[in-house]
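What follows is subunit A paired twice: with subunit B in the first complex and subunit C in the second.
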Partner chain A sequence: MEANRIFPDPSKVREELIQKYPAKVAKKRAKSIIVNDPELIPEVQANVRTVPGIITQRGCSYAGCKGVVLGPTRDIVNIVHGPIGCSFYAWLTRRNQTRTESLMDENYIPYCFSTDMQEENIVFGGEKKLKIAIQEAYDLFHPKSIAIFSTCPVGLIGDDVHAASREMKEKFGDCNVFGFSCEGYRGVSQSAGHHIANNGVFKHMVGRNNTPSEGKFKLNLLGEYNIGGDAFEIERIFDKVGITLVSSFSGNSTVSQIENAHTADLNVILCHRSINYMGDMMETKYGIPWMKVNFVGAESTAKSLRKIAEYFGDEELKARVEEVIAEESPKVKAVIEEILPRTKGKTAMLFVGGSRAHHYQDLFNELGMTTVAAGYEFAHRDDYEGRHVLPGIKIDADSKNIEELKVVPDPELYNPRKTEAELVALKEKGLEINSYEGMMKQMTKKSLVVDDLSHYESEKLIEIYKPDIFCAGIKEKYVVQKMGIPLKQLHSYDYGGPYTGFEGAVNFYKDIDRMVNNPVWKLIKAPWEKAGNGAGLAASYVTQ
Partner chain B sequence: MLLRHTSKEVKERVGLTINPAKTCQPIGAMYAALGIHGCLPHSHGSQGCCSYHRSTLTRHYKEPVMAATSSFTEGASVFGGQANLLAAIETIFSVYDPDIIAVHSTCLSETIGDDLQQITRKAKDDGKVPEGKHLIFASTPSFIGSHVTGYANMVTGIASQFAVSSGIKKNQINIIAGWMEPSDMREIKRLSSVLGVKIVLFPDTSDVLDAPQSGKHEFYPKGGTTVAELQSSGDSLSSLALGCISAEPAAIALEKCCKVPFKTLDIPIGLTATDRFIMALSQAGGVTVPDEITADRGRLVDVMADMEQYLYGKRVALFGDPDQLVPLTEFLLDLNMKPVFIVSGTPGQRFEKRMNLLLNERTPETKFRNGIGADMFLLHQWMKNEPVDLLIGNSYGKYMARDEDVPFIRFGFPILDRIGHSYFPNVGYSGGLRLVEKILNALMDRQDRDALEEKFELVM
Partner chain C sequence: MKHEHAKTATQNACKLCNPLGACLAFRGIENCVPFLHGSQGCATYIRRYLISHYKEPIDIASSNFHEESAVFGGSHNLKIGLKNVSEQYKPEVIGVATTCLSETIGDDVPGILREYRKEYKNGTPMPILIHASTPSYQGSHIDGFHAAVHATVKALAVKGTPQKLINLFPNMVSPADLRYLKEILGDFGVPYMMLPDYSQTMDGGPWGEYHRIPPGGTPASTIATAGGAMASIEFGSTIEASKSAAGYLDVMFGVPAYHLPLPIGIKGSDKFFSLLETLTGDRRAEKYEDERRRLVDAYADGHKYVFDKKVIIYGEEDLVIGMTAFLREIGMVPVLCATGGKSGLMKKRIGELVPDMDELGIKVREGVDFVDIEDEAKTVQPDFLIGNSKGYTMSRKNNIPLLRLGFPIHDRFGGQRMHHLGYRGTQELFDRIVNTVIEQRQNASSIGYTYM
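Up next, the complex of A and B:
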């Protein structure tokens, strides 16, 4: 019975999920709903258009570029060129924490900048207004950098944000101005915007400052956006271990760190989906290898630290990593031992992001909980099946529109940090160097993998599996909770966190324990509803 | 300091908006459409619009907000979005089975010139709208007006596309709700019922965006104005439009299509605006005002009189939407307070006229501004130059309030960090009482916090 609850016949589930769709839609969705087999890893249709009318979790390219990748930067004045809404909705809503060294340092995160395009700008063009806006921002703040983000109408009316940026940059001389063509209609989801952001940051920021960075073990943290303070916890651990963080992309980052990032000796990638392009481009241009790590989960954090030490190949570092793990582990262990009896055997579903649905499975494993179904909102096949499928991925019309930068080794700065032979040796030791195995390899056989889950499918899945917790975002939060099932937001963490590292693991264990065991879920039915009718209840009181 | 780059020196800006006191049209259209029973709002544009609007409304209400999107890609943006919308309509009726789809446009579909009237007609002609189901639309370009304009446009679309005139008048009054909370709409219905006037209230988001926890997700919650009610609005004796920007356009449309006369009132926030509402509704419905309502009113006036010393002369800065700010400003004046700075990102000359009428005599020193250039950055600069005792506005105000150490009351849209707005009304006399309580609590907590030990009062 219990096993059936955890894994109902997945092929039947799949049939049920698509039966209500019109035939064409059903045919398309079927390819994105896959019964997992970690040995064979079947193909998942991903990164394709959402059928119009389907209630999707997905957002747009602008959200991926401005919201996700550039949003956490604090000392860039990020001006959104477009009608007011796009800038308004991305204003402080992603919880990218940042900590300046002094109260005088630049921090524009609490601000919202927009050109607030009006009808006449749409009709006659908005470039003039954009240039005025850039000038006004420069005059008011004298920032190091100003970035321009294009919204849907900008591309359609032909405003050239790049030319406007170049012109203003030359005019100022002491302010780096650059633009992003991240109109919301590009690509099929936020993912296109990630790629566009990577290209822009690589072109306009990385490599501008060649001052050698200090430190023995120098790395960049890629795809960590410091939601709820995640990057702070990783920084704490790096400090303790003696690893130098040259730059983060982009949580708690500064312009000067990003401009100096190419002086690091390793890129570690957390969110593969949103930042893998940067890893590849920096490897090609500067010879810095990238490695997939995961700091979500205490065991995963320990594993990732060991991999980093292994990469640097330094015995002292390896010993220090072991010391830190030994120091941090007891408090984690104490908490999980206390909580585990209450969470063990429970089930979870994760439908979120382009990496989180994978990473958070580690934390649920630590809680003794099974992930019965998972999927991403905007990932590609390589995030599911592993990067080995990359050569076989068909480039469709939507992906073709996203620029692929042609990157070549820098004639002066290219310096391979490891020889080919060293890299091969490291890979043999299990380090995911320039590679990522994807989510499905880690998921159990017969678990369900669904890409771009629709609202309808989520309700069906919940009905069938009755999971103990569902992980998604704000749009799904109260829908699922109305069904009597707690929903953990894995974009905003329900305004908690951090969830990375050792302290984050403890936070997560406690939050999940609190959520799945909250008495409120047993209080939903009124006593008279349980008793069947009011009269019966009243009568029983009388006889007591 | 959170807003550490906000300087005291005010410089006129013409290109850059900083910390806007408005957002864009489509979210207002989505909110309005949720107030129709069995309706699924549909955003004709990129996925991001729909996602952002649903997210913001969800954060504000902590409730499910369902809406679909045409999921534009680059192809649709070049060749037009008709195919996407037609496909969406088919998918929505077969998967989500709403009674109504309410389509609104976005800056994207407006820029490429998609004509919603033509596309929705084609959908009907092609048989994509099942028997007994409805497809309505509103044009809501994000580059004109604000979220309030979008709300007004959708409410107008609802009125003009549903109302029919049968030729036989019904003994009922339309109340067209300006942008207000479900709690406010519930209170309007309660007041009408106490008055004994039969009304058709639309839109009505009560029992939609304040739905109870039942263990089941009701995709179409029990609330919302029904199609039958909307159709009958063409036969009503008259309409009361609550808000000249968010509600009046729908009343004008009803007058045009069904010859229903209308009167425009403020949203009944505060004593005087509620007085006008009660007078107007009792006159429209031909009823006398019952003692219950007079007693409600009396309680509010009683508190205003009893606590006047804590309110007198207090300088208030406020920002938000015009239809709420006008009656709120009037209420603050009735409370003997000084609304000194007022900002609204929503354009429109009516705001200026009303504010001039209200303020010229009583607080001629008040600075107010709306439309382009009227943003929270400007408001903050004003506050830095001439400090205030109280700030009233949406959740974004908390950054200014913290930096300037000013008591802060959340009011307007969006409220992302507190609950209450969807459950407890701001309208009517009870809403007025709630507002006074909030204002007093904020001011008196501050007095307690800052009082010297020897000046710390037990009885206040």
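Up next, the complex of A and C:
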């Protein structure tokens, strides 16, 4: 592969992507397909409904709530109230790992609890069955917490999961039971479920235990779900540096950690999309500032550690951070130096998640690979353009349906960790507090940004750019590979990982090397290699 | 942990939901797009689940319900969705399956489809629209599978001129099994209509060109001829009468229906081949005699490893029934035959194939989950488990080996290429079972023998 590739003109690519759509659809999609300019940052249409009949990457509210945010906490018994499928499909599906301290510790992640609603429950109501299910789970495990997740029919038949939860909580006395109205039809994607989950965790868990946490530099890790052991690597680094992790939302977390989270002095956010609500609410109620970090990529990890040390403003911590970076870097360097000649100059596309499409660009940079196009499945405008656009985002019907908690400073526990003056000083040092500048600022000029990429567009982009690797999820994996392009799954990591921190970077370099330089791709003839079959894609579809 | 009381909730389910089966069955029709009338999450979850087993892309469209469609009905979304799928994929067939959401609000899907056909009769390409009712709060994935096959036959089959044609309804078997069945019918030289046939759509090659819908599947025009066939063979003995495609063709067009258990084992395969010989008037090809001879020979060679071994078998009812007959044939004791399904027929059907089941202490349980199975395992002490990947948690916890079989298999490679049916499939199964025993014995040996 040549080191310096000539890329197609992105505005022409954009034209080509939309030209075959009917006028109305072309107009709609044009707002979501943007040629990037990191200086100006054009507006991207995001978090709008997918048109029925278009095959989307997106999931549902329940998936975002139960699967993503609540799933990784090991000692909550999660009961899915609904027919069997929803619970089954989310059973150990996301590869969030957890590590109990002893064999006796509670870990309910391998369990799949469902009320398995039958026709008579739909007709006569399912609350009774739900309460029995809660009782059974309680009798079986005596857990600290039981969470109830509503699936589509629940809201329609009028089952009140919140009332049932309250009743059982009072009955037990020693078990915190709470419910989520995360029916699959709410919102436009799993993003709605994240918000619902944030609200519930904030309302029912955070602040229940005021015991001051130990440690000098105490923080919470937000939006890290320990896929493939990512959180373990971050914990390893924190330990080494001397940072105390009070709680994680929610990879490798426990109920008692989350209940004590408000005793930390900083929230660092990885996945801005899924957890920013929590950062904001904790800031308002308890006075804990939040800061966007990224532990995906060796250089990003070093940068994030330096930012944390700067926040705490402690010279000893700063020195220790430098020591750790110096200690960890040689092994990373040794691997990348060996691999770089084989990956340099190659290209990648990332269409995944609500943060991953941003974070993983750092790793590709380290591999000398260019991200020619990227986009999210379920992000909002602020994840693309930065949080400064928030006041201007129009609230549509779908967002209105998701409750916005009214949060006020806690009369006793509110304690601003930094004064206004200190925050200004930090900002002057380049630390963005309570802020995120989004993905586009970091992407090169003339790269392409596409929200909620459609099936047709992905095929077209592959045909035009012929990327060396495409990053998405399992639903896209095999269709892309049928065209002779390796697809890296950035939800499940293709069952590998961790990819965070220093050790994770090494894993990722090796995995990408194995994929893009694999001889099997030579055996697959891509569609564009077939004579006269370049522009044969019809796009006469999509009418609203 | 004790589970001495009957429980109400399901823990670690041994079944999937109704619409999943329908999507898979619709994928076995040529040029067909499965379509779920419900929230987009259903299509996404079911896609990712099917893909994790088959390692093949599967597009499932959705009517993407939102709050107002949930309240006011999904008719508008369904029509937009159908129109977009029609224009985008130009399919010949769209298979619409319902979900718990659209069934709960009571959308009249046949009515909406009638309206759609009328509204868009000019201009938009009009595929054949098939509707299967698959509420997730009834039955399990296998019911959705049969519902889709039944709905397809009902929508397409017509009273044709009687012809030498055999309908085969193979049940939810692997793409490899489907290919083998086609080979058998091909070798008999008899025209056939097999439904569904996802042997290529769910296990195909790289694409030399772009495909909206992967090649393969049974053409609608072939399904139309099913009404004139000389016979229907339907694998499975627990299919509800209202969901039996063979039963429908019998009642509507007088096509004689032959119901066989899944042909696993020599006896089961003999029945299938004999039936084909009777129907076609031809002898089976010599290669199948060879396959049978090799299998008998293998039974003789391997019997000492497997005889009297105790196993728990779980999965869809018909798979469990077919497997139980085979396991008895090779002298193994399926101490527990378990399913998440609730046909109410499994015990009776096993009794028909294994008359001495009670004396052998074979226990049959329907409507169970993996916690129930695990509880039973503590009493029956099996040598190993046979079933899908979801038994792994229990296998690991109790240190009982698991031989993977059925659907879903997402912790081993090649589930879609495993054979189970006929002499060839039985041979593969038998080899795998013997090797499971050998591996167990070898691992347990303190010496490390290399001759086993």
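We adopt the following convention: the second predicted complex is superposed on the first by the 516 of 544 C-alpha atoms of A that agree within 3 Å, B and C clash if a C-alpha of one lies under 4 Å from a C-alpha of the other, contacts with A are read in each partner's own complex, and residues count from 1 in each chain.
The definition used in the following text is that a residue touches a chain if its C-beta (ideal position, glycine included) is under 8 Å from a C-beta of that chain, and two chains touch if they have at least 3 such contacts.
Computed from a predicted model, the values in this text were never measured in an experiment.
J.: Could you tell me whether subunit B and subunit C fit or clash when both sit on subunit A in the superposition?
T.: Superposition check on subunit A flags a clash between subunit B and subunit C.
J.: By the touch definition at the top of the document, which applies to A:E106: first (subunit B), second (subunit C), both, or neither?
T.: first
J.: Let me test your reading of the model: by the given contact rule, A:G59 touches which partner, first (subunit B), second (subunit C), both or neither?
T.: Touch status of A:G59: both partners.
J.: Looking at A:F172, would you say it contacts subunit B, subunit C, both, or neither? Reply first, second, both or neither.
T.: Neither subunit B nor subunit C is touched by A:F172.
J.: Now for A:Y414: first (subunit B), second (subunit C), both, or neither, which partner does it touch?
T.: neither
J.: Of the partners subunit B and subunit C, which touch A:P527 in the superposed model: first, second, both, neither?
T.: After superposition on chain A, A:P527 lies in contact with subunit C alone.
J.: Is A:Y21 contacted by the first partner subunit B, the second partner subunit C, both or neither?
T.: It touches subunit B, and subunit C stays clear.
J.: Give one of first, second, both or neither to describe whether A:F88 is in contact with subunit B, with subunit C, with both, or with none.
T.: After superposition on chain A, A:F88 lies in contact with both partners, subunit B and subunit C.
J.: Which subunit A residues come up in both lists, the one for subunit B and the one for subunit C?
T.: Common interface on subunit A, subunit B vs subunit C: 49-63, 79, 82-91, 93, 110-119, 121-122, 129, 132-133, 136-137, 140, 151-153, 155-157, 183-186, 188-189, 397-398, 401, 455-456, 459, 473-475, 477-479, 481-484, 524-525.
J.: Applying the document's contact rule, which stretches of subunit B touch subunit A when the two form their complex?
T.: 1-5, 7, 11, 13-20, 22-27, 42, 45-49, 51-56, 58-59, 62-77, 84-85, 87-92, 94-96, 106-108, 111-112, 141-144, 146-147, 211, 213-218, 345, 372, 377, 396, 399, 416
J.: Which residues of subunit A touch subunit C in their complex?
T.: 49-63, 79, 82-91, 93, 110-119, 121-122, 129, 132-133, 136-137, 140, 151-153, 155-157, 183-186, 188-190, 397-398, 401, 455-456, 459, 473-479, 481-484, 524-525, 527, 530, 533, 536-537, 540-544
J.: Which of the residues in subunit A come into contact with subunit B in the complex?
T.: Those residues of subunit A that touch subunit B are 20-22, 25, 49-63, 79, 82-93, 103-104, 106-108, 110-119, 121-122, 129-137, 139-141, 151-153, 155-157, 183-189, 397-398, 401, 455-456, 459, 473-475, 477-484, 524-525.
J.: Where on subunit C is subunit A touching in the complex?
T.: That would be residues 1, 3, 7-13, 15-20, 35, 38-49, 51-52, 55-57, 59-70, 77-78, 80-85, 87-89, 99-101, 103-105, 135-138, 140, 206-210, 390, 393 of subunit C.
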